[in-house]
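Before any comments, here is the structure.
Naming follows writing order (A, B and C), and every chain is counted from residue 1.
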């Protein structure tokens, strides 16, 4: 069985994220790029599955973007993934999730993966759609916000899904499956020294979008602009005696914000 | 995993630290090894997540080392911002007055040099290393130097990963690995934590001047097109440091409408309330500087100490099984304000020494002492020797310092024209006790959030991050000193000299406590250097932690 | 402009974010002179939905829709879309919606703009606003497709803005016999000792250094309980060891965007602000009139939290 883990390279949010003068992208002079943190849980889950389940032969890491995202693949190979797939797509930030999913599906469909794992969302756009879009495009069953997965037999997996307000649910799925993994379900491992040295021996298959012969991948949404949210309202100060302040606060919380 | 099962990785040569010195050294060594038919396993370990993330400098780079290392490359293919086009030196006064020096002496001129980002440069060198087969292990922090039974350095032990704040193992705990090497080259940069141990253990500073440091605090700004040209270089004296504090400001033009502004403050000042971050903000209140920045946007902030002591403050550069390179060994020309080319050259000289060592199969002092011989025969020595008394001349103030520097230019580096070796002084011992007369330099400083920023906002722009769940990497050897002695004597200067608000005196339950916000640390080492009691010991944090600088 | 608003059934109650979606749909219907159909798969909640003004209240009927199942839900909506020409499909961005709506988007090849926080109308077309990089900057997007699916973030539109009125109920029998039963969800369950999820709370009562001492924290905790919210804090409180790091809000803690963020004794340093600036309403109480928190709060009180909170607690109990 083969697992493919989708991993995205995203701007490091610890840097100050600012909009550039074109209003369509962020300033990158001060921003390093890192592997999307939620995806690291997906990779760890895949590596744990391979360690536990004999029938899983290969963990493949797939990343799409500009050439710098090959580093994301190398980091994953250093941690124990077997092979990488890099889809060279420098136009990615202008494409909506559906367009991106179609490109990735075209590459992945050749290989008939049994399991697709991805993080629950990316820390940059946060659409939270890719894993499920791929499930539909690749005709797989799926579950989102997965907190744990167990094989019941060769073709059935039981997953624990997180629901709102502290509820959970088990769900049984027939392979092939696409799972989006909730952050925190495992502790992503470090890459060992031997792991890093071993990256040289592993392969990264490279695909160009133009070679894929896709027809309908133009984005169906268009970015009008990026902007820094500015507060338009000025602060309304509440004054008076303590009792008066409290009364006004209760009024606001009850009638305006409606939380009591 | 028990102690017995600790993983070992045997290689031939290990470079500790992935800065300019190690990268140049490893690359040169790799090539020389192939030329000499030696099959050497060479590796670099670096504590940052990627090469360049912890690199910070001005910088104006003398290209000669890069040209030596890459003789076949066109100078335009080096990752520089621009050749130095306009060179200015200004004396500033807080009133707004600005006086340009009409003439910059040749020894201090930057003509023929390039404005550069050290981060960009090291990333480029890192790529070259990987292309040519040198293993770079990121992120791996060095924790301990390893010795054999004869006290010969045999490698280093990496730091355990996955230890929580109580010192217990987390689920992803991984024991540190012993990387064993025939030669270990220490290129940790300024005030290297393992180099510090090595220097102390083997008394490598015997008969040397004590090292003295400065701290450079800088910001990168995005400015409107046309504000500054790439290749513009300006250095400033006067405001804000004045006559008594060593240092000065710099403004460099980089590509992409980036303005690089910084201030270097000598870490041998007297006033215990000096705050290098605040000094940089004061520099920006000068009307000329304010005007340059007024329509710009702050992108990045960072700080790093630099070894200013010069030639006589360099330690002995070798011991059995080990060599010291780059800033860890003080390869910095304070007069020319340049160290990157010297760092790279030191790495290359170390590489040549190591080739000879492998040919002779001798990794002890007898063979490694060739490093100092090669250094003495090189242009690096000639350059550092001429600047040997630069910093020491400033002990009596900037005016004397400049006079000394000027005279030195004509006398091959003699102090005030005639002193061959001037006395050095330990920086932290220059700090005077806090009294009622201690001047508060910042009473009129207000942070406007547009040009000047408070420390917390600046630290946010350093993109620094540390896993909260770990033992703080800033160790106070004797914590009782803080409120039993230091508060009274110096007023807890750590709150001021740290450019990242790591140290905070907090009032709690009618008591005072030192809060260590270690996750703000930008790895500049100022605290390790300047603490008057030398009770702060900086060690490497969890691998990968620290700033995430892109083009600093 | 034909709008379809899908309403999620939470064990016999209308999901609160779905209610907000109804309010938005009604607003758009008015502004753009359109038509609105509300859709549910539950007879139980249709009684309440009958009170909201819309053109039609569609009740999709099939026994497989009694409990949530992504394949059945996707196919059910697919059927409805096949027989009606909707321009806009609006729903709440719930965990459930995240689970099935992308399937619909891929199946019907229509764009899904998820987790919208606002909108604007430019040249008679709607532009949707989303927040990126965990609320640091916003993007404004427009759809180039005839049909678009929109999900809205909880708390960004007001459920109380729903308009009561008439509608026409239409029961639709759905044939879902060709849907595979290859995803089988089980029973829901709660786990003991679940982690506190600050991001799911509508109200956050957050304390800063101004709380003074650990002994003062209970009054803030009480306020959290009285408002149905959760207690959280800025860094210094965690650093002092008074609260666990899991309750920290900021760049090295959690990022929240609740309906109400009550900042008590918090100065508003940038490291904290990036963790809560996306909140819908911010009330700040601080002794220091120059505290940066007042730059982003909607309401500000310059005062002593230790005096105000106990009285506020009493007043809420009486309210």
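Everything below uses one rule, namely that contacts are C-beta pairs under 8 Å (C-beta built on N, C-alpha and C of every residue); 3 or more make two chains touch, one makes a residue touch a chain.
Here the structure is a predicted model, which is why all the values come from computation and not from measurement.
Between A-B and A-C, more contacting C-beta pairs join the chains of A-C.
Relative to subunit B, the chain whose mean Cα position lies farthest away is C. The distance from the centre of subunit B to the centre of subunit C, with each centre set as the mean of the Cα atoms, comes to 48 Å. Centroids built from CA atoms put subunit B at 37 Å from subunit A. Averaged C-alpha coordinates give centres for subunit A and subunit C that are 21 Å from one another. Multi-chain contact residues of subunit B (touching two or more other chains): 460, 465. Residue positions of subunit C touching 2 or more other chains, listed in rising order: 251. Among all residues of subunit A, those that touch two or more other chains are 14, 18. Residues 456-457, 459-460, 465, 468-469, 506, 508-509, 515, 517, 519 of subunit B touch subunit C in their complex. For subunit B in complex with subunit A, the residues that touch the partner chain are 7, 9, 49-50, 53, 135, 137, 140, 158, 161-162, 170-172, 174, 177, 179, 220, 222, 256, 258, 297-300, 460-461, 463-465, 543, 548-551. On the side of subunit A, the complex with subunit C involves touching residues 11, 13-14, 17-19, 26, 96-98, 101, 123-130, 132-133, 135-137, 141-145, 161-174, 184, 216, 219-229, 231, 233, 235-239, 242-243, 245-247, 249-250, 252-254, 256-260. Against subunit B, the residues of subunit C that register as touching in their complex are 213, 235-236, 239-240, 245, 251-252, 269-271, 274. Within the complex formed with subunit A, the residues of subunit C that make contact are 70-71, 74, 94-96, 98-100, 102-103, 105-107, 109-115, 122, 127, 130-145, 148, 158, 160, 182-191, 194-195, 197, 200, 202-203, 226-229, 251, 259-260, 277-278, 280-281, 283, 294-303, 307-308, 311-312, 315-316, 319.
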